[in-house]
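Report on the structure given below.
Chain naming follows the written order as A, B and C, and within any one chain the residues start at number 1.
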Amino acid sequence: MNVRAPQPNNVVSQSLAQIGNCGLFLLTLLAAIPRSFRYVRETIRQLWFVGAMSLTIIMVCGLFVGMVLMLQLYHVLSIFGGTSASGMVVALSVYRELGPVVTALLFAGRAGTAVTAEIGLMRATDQIDAMEMMAVDPIAYVATPRFLAGLIAMPLLCCVFCAMAIFGGHLVGVTWLGVDNGTFWSNMTAQVDVHTDIVNGVLLKSLAFGAVVSLIAVFQGFTTPPTSEGVAYATTRTVVASSIAILALDFVLTAFLM
Amino acid sequence: MTQPVRATPDDATLVRVRGLTTVLGGKTIFDALDLDIPRGKITSIMGPSGTGKTTLLKHITGQMRADAGSIHVDGQDVAGLSREQLYKLREGVGYLFQNSALLTDFDVFENVAFPLRQHTKLPEVLIRDLVLMKLQAVGLRGAARLMPNELSGGMARRVALARAIVFDPQLILYDEPFVGLDPVALNQVLKLILTLNQTLGITSVLVSHELAAVQQIADHVILLAKGKVVAQGDPKTIADDGSPWTRQFFGGEADGPIPFRYPAGDYAAELGFAGAAK
Amino acid sequence: MSQPRSSYAVGTGLFIVLGFAALAYLATQTSSVANVHQGDSYVVDAQFTNIGQLKERAPVKIAGVRVGQVQSITLRADHDVADVKLSIDKGYDHIPLDSVATIFTSGLLGDQYVGIEYGSSKQAVAAGGTLARTKSTQPLEEMLGKFFGAGGVVDNVGGSYAVKAGFSNVGTLSAGAPVKMAGVVIGSVQSVHADPVKLNAQVVLSIDKRYNAIPDDSSAAVFTSGLIGSQYVAIQPGGSPEMLKDGDEMILTQSAMQLEDLIGKFLVNGSPSDKKDAGNGSK
């Protein structure tokens, strides 16, 4: 499959062309979803690579984010004598912002780059062409399963991240700094709203980020020049473009959902 | 399964190219190219680098669309096929890539089994037997559980060949099958191509620069240059036909109809010797 | 065969299970499940003269147990009361008609909720009915003021100009701060500046045209939202038949109370620092 981006001259029109091609690529991906149903196993396999393999980094980072957040909040809140609210603030900031955003950034760095490099390498070694020749549609077999896997994996990873962050916050707050266990949980449960915080915050945001990161990763893999420099460059671009897209989208989503 | 493409056996020509014109990036690759590839033979397509031999193969498989002209494979117009029909056609065509193009995720066995798994619902036992038969044919049954990165270049080429023949195609396209192989591996691949053609009657199209190898096995040689067929015939006669193209190509002369220099402006003027022109 | 395939499937399955387990944990252990689903419910009206910080979807509780949530809060254009619709779970359909709905605050800093105390009537309030007996939220200043016996104290500052009000102390009130009646925003503070002659603060209030039926003897007070919240101007309606018009000045004003002063009073009743208190003494 030859997806070739035209090469306009200046940076602005180049970026616009990238965005435009990316959008068209998304349509191609979505159109291939019915055809990729027969490759469910491939989607599961990608879910393993993209999701399960990212679990370690997500869990460790979630734990530390929760711990450091608790540490900071405890010292700020102790000025006002409000340390009992620290668990609640950890939960809210993790659910609404840090969880989805940090998970997405880590996901872009861990899984996004791997997907781009893998597809780029498959193109460089003619594997994509070989699939075409074996009458296997590379969009349906390679692109869509990876996209779907990212879409499914991100919310799950984000939930794991948030749970680890709460655990980390509890560890530092209750076990170490001596916040009362009961107040920690009761303030949290009183303030966290399933609709605005968990559905809109954790699930919806991470789903959107998962779609954006997977799309960028797969798109970069498919459009990169099939050479070793091309692959290296595309990997970098995946991280840069994903990070910008995640943070910009986060602002937009927050403005809409809050 | 052995006859996926509707055959008209009495037709001696499997691939018929008429008036093929392709322009890529402003450069004319093919200029109203006509050629025929005979059924059941080994046809070698030769020509200087950049004449579009690989492009021609991609036209035959429908991976690239031509700007004008038609290509009929076994009576079907490739350009007029839908995606499904094209995929159906490709199941009857094997393609050996320059760098083997094995799927790096899978081991040798799964690579060969890949087309079977994708297009059939055969029981596992049958897939196993079929794959092992093909691997035995290329002499790599013992390597079934190796990963592609553990294979030498020659072994990878043979695995790719096993994969290309797993559906018993009636046509195999070899894109530079001998590149980068040591003489032993080269001869192994050469022998396989010949065996496949002779025992199974598979029509083979061979794009290669290895003159000696081609002359050993090819039944028909087509020499391409400047977007046209400049000479064709069996390897013996074509080498002696005395045209400047064949003389240069088979004799390996540096200059001739295929220019040594890329087209450029006046040399003296470009170096700034404007006075020399006066 | 296909060892790797099945192990992928198992690993991926484990991953998905772990993800959903984490989600279930977040949804059940860190938030109240009661917030999740709004089952069958019926709506009851209640009118409050001041809703304070009550927000939509705030809990409605009986004996401290959540039975529903606030569906909507609107200010009735013709009255200075807030119309609060309470959506109550169908399971609790025997609330006596004469029950009292009160706006409570969870702790000092917490959010506000509506508490219902059962009355003695045999008749239950029906869907769409109204709880006639309500108790509004008490602004902190008012409560503290009552406690110290300073509740009714208002500054009587003369002058008769525009839609403005003079305060002897506006605290940290600044332009743009909300103007509320019965706890619902009806306008904003246009400007705050010191009067060079009277040596007090002149505050210009711009009030929404819809609320043109405010008696001209209504009083304006500077309140604080909670303990550490921002300040706003609250209008407490009077009983005069004349209504406030454009350009009028509100005569009855109550200045911002300094928390420090109040606490000081509380701790050392009648300490010398009281003499410096500029804001609360009646003139």
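Following the convention adopted for this analysis, a residue touches a chain if its C-beta (ideal position, glycine included) is under 8 Å from a C-beta of that chain, and two chains touch if they have at least 3 such contacts.
Every value quoted in this text rests on a predicted model; they were computed, and no experiment measured them.
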{"item": "Farthest-lying chain, centroid of Cα atoms versus that of chain C", "value": "B"}
{"item": "Most centrally placed chain - per-chain CA mean versus overall CA mean", "value": "A"}
{"item": "Inter-centroid spacing, chain C versus chain A (mean Cα positions, whole Å)", "value": "40"}
{"item": "Distance from the mean Cα position of chain B to that of chain A, given in whole angstrom", "value": "42"}
{"item": "Computed distance of Cα centres, chain C from chain B, in Å", "value": "80"}
{"item": "Contacts with two or more other chains, residues of chain C listed in rising order", "value": "none"}
{"item": "Residue ranges of chain B touching chain A (in the complex, touch as defined)", "value": "61, 63-64, 83, 86-88, 90-91, 93, 95, 97-99, 101-104, 114-115, 118-119, 163"}
{"item": "Complex contact set, residues of chain C against chain A", "value": "5, 8-9, 11-12, 14-16, 18-20, 22-23, 25-27, 29-33, 35-36, 57, 106, 109-111, 228"}
{"item": "Complex contacts: residues of chain A adjacent to chain B", "value": "2, 121-122, 125-127, 129-130, 132-137, 141"}
{"item": "Complex interface listing, chain A residues touching chain C", "value": "41, 44-45, 47-48, 51-52, 55, 80, 82, 85, 91, 95, 152-153, 155-157, 159-160, 162-163, 166, 185, 188-195, 197-198, 202-203"}
